[in-house]
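Each remark here refers to the structure printed beneath this line.
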Amino acid sequence: MIFDLVDITLLVFLAITALAVIRLDNLFAVVMLLGIFSLISAVLYVNLDAVDVAFTEAAVGAGISTVLMLGTLALTGSMEQKPQRWSPIPLAVVVLTGAALIYGTFDMPNYGDPDAPIHKHVADRYIEKSGEEVGPPNIVTSVLASYRGFDTLGEVVVVFTAGVGVLTLLGHGHLSRRKRHREEDEIEREATELGLDESDIERLEEEDI
Amino acid sequence: MSLFENFVIPGLFNYWVAIFLMMAGFYVVISRGNLVKKIVGLNVFQLSVFLLYISMGKVDGGTAPILAEGITTFSNPLPHVLILTAIVVGVATTALGLALVVRINESFGTIEDMEISELERKMEEQE
Amino acid sequence: MMHRKHILRTVSKILAPFIMLFALYVQFHGDYGPGGGFQAGVIFASVFILYALIYGMDNARRVLPPNVRRVLLGTGVLIYAGTGVVGMLMGGNFLNYSVLLSNPLNGQHLGINVIEFGVGMTVFAAMVSIFFVFAGQDRQ
């Protein structure tokens, strides 16, 4: 009974945080609430026996994600504009979808049921054979690195691609490159006004006046 | 009624809260115009999906899936592996989305999508 | 006011090696407890982000130049895929670790450690690169 109480309290906190994220319009507060959301989720994962996932969520979600969003807010504005008219269509769509999903959950096995179909077939084999076939005591690492090694290779390539993508979009010194192009266009315009020809323009651009 | 039987803890309470959080994140994405707030809504949506998967993997009376002396029941390790991958991929896509928002802010000077559509329409009319 | 900056600088300089040590512990004990490549890469990156926040971007760029970051980013993926190819060259399928050493269990252990190291390197380089690019933008 004790563990269920912790579960329910944390879930209620999560719901309240989500409602606050919808209502606030100061973006700094919204980003901080997202960090709190990640941290409460990490505690909840420990309660649900997922220690690896809790570690990753606390490090990545509450750490890196918050830092990147704060970095973005420092470059863009930090207040959100309220919409002029409040339209009921998004609320109707959300309520209908939520009702359909809850209707779908009545078919699911109860939370914590050891006879649920998800625990048969593949997961049973991983738990039983992991000690003899692969070796490490941590079953999650052995599944991640050995049984499902291809997925992890794809994931590393995704992280690599994201790094390359951000470097391309916001790369080192691209702002100064745009300023340089604008200066070159100005030099060309002034030179044609004065009546100079092409070779003079090239010479002026090289001297970087 | 079977509805009341299932609602008492543990039942399906975890899944319903996960669906509520999913809908909250979805509402933020479709009803607010600020691009950074939309990305925050997407993150809330992702976190609620992770909660759904991890709740499905828990076994009553089991422990964390680390082999040790004297423990026979473990929680299912397969959802843990999938969600580990999903968290890292999620932060990668969030970083890329935020980089795009910074570039949009540089080009248009604003991050509200109504104003961006107005500016785009004015630029097309000028051409 | 001046005291606050001295405190931050001193404490961050003292803490940085311990955080790096913890990141390496998480990396190499990933098969005995929770941990592994992803968590270790992120914790190691947080050391450099802390340094950049307190000492400024110019000092941080001197500590970790762009070339080093880009080389680390690619080398991690190369280590991972390279282990798979070595497995193929030694007679097994792609990413089969059992054939790397004479005892299959030792081969699995070696393979898992090597690829987790590659994963940690790539995650570290990606997080640091992304943060430095965001923080190095000129404000408007």
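First chain written, first letter: the chains are A, B and C, and each begins at residue 1.
What we mean here is this: contacts are C-beta pairs under 8 Å (C-beta built on N, C-alpha and C of every residue); 3 or more make two chains touch, one makes a residue touch a chain.
Since this is a predicted model, take the numbers as computed values, not measurements.
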### Task
Could you work out which chain's C-alpha centre is the most distant one from the centre of chain A?
C
## Note on the structure
Chain centre (avg CA) closest to assembly CA average -> A
### Query
In terms of C-beta pairs in contact, which of A-C and A-B ranks higher?
A-B
### Query
Which integer distance in Å separates the CA centroid of chain B from that of chain C?
26
### Query
How far is the middle of chain A from the middle of chain C, if each middle is the mean of its Cα atoms, in Å?
19
### Query
In whole angstrom, what separates the CA-based centres of chain A and chain B?
8
### Summary
Residue ranges of chain B touching at least 2 other chains are 64, 66, 84, 88, 92, 95, 98-99, 102
## Note on the structure
Within chain C, the set of residues that touch 2 or more other chains is 33-34, 38, 123, 126, 130, 133-134, 137, 140
### Task
Specify, in ascending order, the residues of chain A that touch 2 or more different other chains.
51-52, 56, 60, 64, 68, 71-72, 75, 137-138, 140, 144, 152, 159, 162, 166, 170
### Query
Once bound in the complex, which stretches of chain C touch chain A?
26, 30-36, 38-39, 42-43, 45-46, 49, 66, 70, 73-74, 76-77, 80-81, 84, 95, 97, 105, 108-109, 111-112, 115-116, 118-119, 122-123, 125-127, 129-131, 133-140
### Sites on chain B touched by chain A in the complex
6, 9-17, 19-28, 30-34, 36-37, 39-41, 43-44, 47, 50-51, 54-68, 73-81, 83-85, 87-89, 91-96, 98-103, 105, 110-112
### chain B partner contacts - residues on chain A that touch it in the complex
4, 7-8, 11, 14-15, 18-19, 21-22, 27, 30-31, 34, 37-38, 41, 44-45, 48-53, 56-57, 60-61, 64-65, 68-69, 71-73, 75-77, 80-81, 83, 87, 90-91, 93-95, 97-98, 101-102, 105-106, 108, 110-114, 116, 118-119, 122-123, 126-127, 130-131, 137-140, 143-144, 148, 151-152, 155, 158-159, 161-162, 165-166, 169-170
### Query
If you look only at chain A, which of its residues touch chain C in the complex?
51-52, 54-56, 59-60, 63-64, 67-68, 71-72, 74-75, 133-138, 140-142, 144-146, 149-150, 152-153, 156-157, 159-160, 162-164, 166-167, 170-172, 175
#### Entry: Footprint of chain C on chain B - complex, ascending
64, 66, 84, 88, 92, 95, 98-99, 102, 106
